[in-house]
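A, B, C and D are the chain letters, set down in written order, and residue numbers restart from 1 in every chain.
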Amino acid sequence: MTAPSPVAAPDIVLEARGMTRRFGGLVAVDNVSFGVQRGELFGLIGPNGAGKTTLFNLITGLTPPSAGTLLHRGQVVTGLRPHRIAARGIARTFQNIRLFGELSALQNVMIAQHTQGRAGMFASLVAAPAARREERDLRERAMALLELVGLAGRANAKARNFAYGDQRRLEIARALALQPDLLLLDEPAAGMNPNEKATLTDFIRSIRAQFGLTILLIEHHVPLVMGLCDRVAVLDFGHLIALGDPAQVQNNPAVIEAYLGE
Amino acid sequence: MGSFFNTYGFLLTSMVLAASLALSLYLPLMAGQLSLASPGFYALGGYIAAVLSTRYPAAGNTLFPLWRLLAEMLLAGLASGVLAVLVGVPALRLRGIYLALATIAFVEILRVLSLNLAITGGAVGIFGIPQPFSTQIGYLWIAGPLLLLSMLFTYRLERIRVGRAFVALREDELAADSMGISPTCYKVLAFTLGAVLAGVVGAISAHFLNTWNARQGTFDASISYLAFVLIGGSRTFVGPVVGGLVLTALPELLRALTGVSGLPPWLGQFLRDGRLIIYGALIAIGAVFFPQGLITPDLLSRWRKLQP
Amino acid sequence: MRTFVARTVPLFLLLSLLASCGAPTAATPTTAPAAPTNAAAPSPAAPEPTTATNASGAAPATGDPIPIGIAVAQTSNVALFGQEQVAGAQVAEAYFNQNGGVNGRPIKVVLQDTGGDEAGTINAFNALINNDKVVAIVGPTLSQQAFAADPIADKAGVPIIGPSNTAKGIPEIGDYIARISAPVTAVAPNAVKAALEINPNIKKVMVLFAQNDAFSKSETVVFQHTVTDTFKLDLIGVQTFQTTDTDFTTQATNVLNAAPDLVIISGLAADSGNLVKQLRDLGYTGLIVGGNGLNTPNLFPVCKAQCDGIIVAQAYSYQADTPINQDFRAAFKAKQNKEPGQFSAQAFTAVQVLVEALTALDKTKKLADMDLAALRTALNKQILSGTYITPLGNISFTPPGDINQQQFYVARVKMSADGSSGAFEFIK
Amino acid sequence: MNLFLQQILNGLAIGSLYAIFALGYTLVFSILRVINFTHGALFALGAYATYLLTGSAVNPSGVLASLFSAFFGKPALPLALPFLVSLVLGACVAGLAGMLVERIAFKPLRDRGADPLLALVSSLGVSIVLVNLMQYLVGTEIYPFPDTVLGNLPRAINFGVPGKPVPVRTVQIVMFVVSMILVVLLTYFINATKTGKALRAVAEDTTTAYLLGINTDRLILLTFFLSGFLGGVAGTLVGLSVGINGPYFGIAYGLKGLAVIVLGGLGDIPGAVVGGFALGLAEAFVPAHYVAYKDAVAFALLFIVLLTRPQGLLGRAAVQKV
């Protein structure tokens, strides 16, 4: 386990120091520390209930930590409300897809462009030229994102009517609309067949390159993580039991035990 | 036609005002906030107009100047807006039915206050409120544009960034929060917009009703406005408008029906004595058979497709 | 598609119903048979009658009833009073028609429910004025409703007689507004005097009033002045309650702790009755004076045997031995199986004033020869200039339209031993 | 000290009433998570039913008087049941009406999976129907229960020492005792009987209860019966104390009942009792000078409790799932 470095290195996008979260008597995340390098594809694995999603919630501010410090690009972000964290450029998807179901795919994406809007409410209401231009730009960018995930043809369909895999892709498009520097993907491959998983792997690599992203990824499917990620962290019962490149982690006895013991 | 407007001028204007009040409830609901506070702001706006226009009556025996009515509406809107922010910031941490109950409490507290304060005229209230129009239908010149503007406002709102933020909060507050939308900020904004509209309508209503007292803006009103929104349809701004218009007209429609010639006497008798029984039954039936409300977005889009 | 139809058809039905409400002016209301047809066209609000219809050409046949509007609360929680008013007005309709109506022409009371709110009252007034084409309106029940609707009738030039609007400023709303409900402040000193005659040793007085009732609020001021200024008694406390209250333990406890010799209550029947009951239950034995709001038989079922002995200030007493009151009382008892209360008497009186004014007017100029607007204006003048011998006593109107009432009464409640029946007994 | 004791006793008496009124309210909420607006109307209905069953006469302003006169020759039912029997039967009438309300206003919405909020509106509609129907039938006059109901009991009982009386009206003691008996019975029913446990299971989680083979639909009906029954008893007790003051007299309690169930935590049964007493006591301690603001106490309390402890005075904070 890596000891927390005293000062965050400039190329570390996200750093967790001693993150801890207790629910009643249960410690869901226990003193977890790690750093994610710029441009890295960082995997987070572990058995069910290991605290992976809780860790995501801690990073995105949905759950306040019981203890620990979180740094984003060298600045402390612990205790910030989720929308503040999102505005800093940390975007996420959800394990149990949380799209705005009654709204169209396009609306879903445009909502996530919220922080990019500059036009005032009044200017937008009366459709002042600048506001209209901005609205058109946002719409075009949103359409481009839908194009990217292959949903441009169904931009006006209701999100809840999408197939499962399409909903996952729409969520990624929505997260990208935030123009993040750090993207958190919570089990993006869940429910996909091997073919789709392969496509997804390529897709994740390509968006990392295209948008210069750092990606933090929770995945149940270990081979996918091992093939995709630069480094992998393993959580078990809230503890960080291993951290390193995929080959190292794969041979770590503690990890093997955690998975076999499941 | 003149006779029609004499008889129904008041009703037409009340329908329009009711539709605006329904919109004032719809605005916070757009952001997913079930607030029943509108009657409180409505009462506040009315008191502001009533106090100002009776304490400082217009010179001469002429109509109350229109610019003063507009100034009162502005002031009522401002005051309601400020109060809404003060109440909204703590109250909007509550969700769903809890928020509804807190806003009901707010309305009731305002009611008891207005019953006891000297400036609000206690139980009798304020009367002899000056008239800016010579007929009741004349109020449509101010209520009509207000409703149209509010509708236009809401229509545009649904298509801009702020409105999208509201809708996102309604659909999934957590996800919206994670997309950079501040729940507190936009909930309070939606709540305040509704409050401002209710306050403005109150200012008109005080003149329109000639009198204002603590019985305006009560719990009953809260529930009526909710019925306007839910029976009309809470998914598009057209719904509350239709709901407000229809449900306000309904009791008077039933009254008019008792006067239709050729009805068997027993039916006429029941229509008269049982007017409210029928009204209540229609509300229950409306809720049960139109659970999405009379007007739904799907219905609207189908209508749009029917257009050539 | 089917759901679309299922949804749209009822919607259109509703909308077409709504649209059809645009036409009811054309229909003749069954409740208000044939309004004078010559008055149908001109807008009553118009300052001068138009010539759309010829007055003599379409004169109503003799025997066509003259419509008189009754706009009181038949629903909502105000209906407790409104129901009594409807009963009084209906007794008046039958009674005066039996006695020749308006020079042989019957009257017809047209009921429109105001509900308990202001908007409902305005709607009821509008329906009566424009659809039912009444010559005058008796109503509404509450002062707050009067403040909302009376200006509209005034503008339309329709005479209004307020049967129970006691708040300050009602007759001043306009020329067409009159009332027959006196602010019975004149009677308050008499009631206190009556109490002092029963018990000359009264020193300490406690006053309670319904703080959300306009009338009680003004009445209690008179009571308090009477106590401190007229009779130089010791006012040891003033307490408030609400007409909607049912639990008066707090007030009763305070009364018991202060131990007054006399308690004066201004409120309405239900709340005051319970207040008396709870005072008595908890052991208050002194005298009780009640304001005019307690002058109704509705008080009896609330405090039952414990109502016994309350001294009540009355604007109306069913024991008044004028012939018209005896007739009214008999007719009312025959129909309602109980003694008439003040609300019923006031509604009766309002109709009586209209019938007598119409009769007087008809003698100078045939009603049938006037169009509705002119009739209403002439009727209003006639109402204000006449004097009337009514169940309320001899009354007339001040120029603004307030009532001049000579007779007030003070009565003492007498209950049967089991509390099942009661009566107001004259003191003076 | 005497005043303090007096205020405590006053608060307990009125609080017990708030408590049983609120119990019926909160029962429905605990199962369906909706507020039943007809509760105030059922309250009045129970009182009227009891009144009629005792064989008392109705006034001619309602149509019931002429109907009864036509059939029975007098404006009353041809019965003269003892008060206690009438109380129970009257409450059953309110309970049955409650079941009808569930079938008309709640079940159709549930079956369609409609927004639970809509139940507010549908039950509001039914409540308007009920109240106006009662007015149509019996008019708006005040109906008293005969004084003989309490037998030879004194009108008030003294809790103080001689010379320093602390009187409490006997009616209020009866109200307190009956309410407490009902609370105990209900608590026993819910905690110790099989049906009661099933009820609790449904309250915890409808779906799980359904999977466990519990007949949810029948339990919901039962809940509405119990709720109406409690409302009916409360209505009769209030009628006994202050007379049945028109069909609208339950509505005011309906609003205060809302405050009570929030104080206690929505859907929390012991909480409703605690909330009722808390409100009763708070109102009793309003200084005489500020009695005009008494009605605001309930809502000020409600506002404060909601903002500080939205889970109610007794409840535990729920953890939101992400």
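As a convention for this text, a contact is a pair of C-beta atoms (placed from the backbone, for glycine too) under 8 Å apart; a residue touches a chain by one contact, two chains touch by 3 or more.
Keep in mind the model is a prediction, meaning the values are calculated, not measured.
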item	value
Lowest number of touching-chain links that must be crossed from subunit C to subunit D	1
Chain pair with the higher count of C-beta pairs in contact (A-B, B-C)	B-C
Distance-to-centre winner among chains (Cα means, whole assembly as reference)	B
Chain whose Cα centroid lies at the greatest distance from that of subunit B	A
Length of the line joining the C-alpha centres of subunit B and subunit D, rounded to whole Å	31
Subunit A and subunit B: spacing of chain centres that average the CA atoms, whole Å	43
Whole-Å gap separating subunit A and subunit D, where each centre is the average of the chain's CA atoms	51
Of all residues in subunit A, the ones touching two or more other chains	62, 94
Subunit B, residues touching no fewer than two other chains	115-116, 174, 273, 276
Set of subunit C residues in contact with two or more other chains	75, 211
Contact footprint of subunit B on subunit A as seen in their complex	60, 62, 81-84, 86-87, 91-92, 94, 98-103, 107, 110-115, 117, 119, 121, 124-127, 131, 135, 138, 174, 178
Subunit C - residues contacting subunit D, complex	75-77, 79-80, 83, 87, 211, 239-242, 244, 246-247, 249-251, 253-254, 256-257, 269-270, 273-274, 277-278, 280-283, 298, 301-302, 304-305, 336-337, 418-420
Residues on subunit C engaged by subunit B in the complex (per definition of touch)	4, 7-8, 10-11, 14, 17-18, 21-22, 24-25, 27-32, 41, 43-45, 74-75, 111-113, 116-120, 122-124, 126-127, 129-132, 143-144, 147-149, 151-152, 155-156, 167-169, 173, 211-214, 217
Of all residues in subunit B, those that touch subunit D in their complex	34, 90-91, 93-94, 97-98, 101-102, 104-106, 108-109, 112-113, 115-116, 174, 219, 223, 226-227, 230-231, 234, 273-274, 276-277, 279-288, 291-292
Partner subunit C, residues of subunit B touching it in the complex	2-4, 6-11, 14, 115-116, 122-125, 127-128, 131, 134-136, 209-211, 213-216, 245-246, 249, 251-253, 255-261, 263, 265, 268, 272-273, 275-276, 289-290, 294, 299, 302
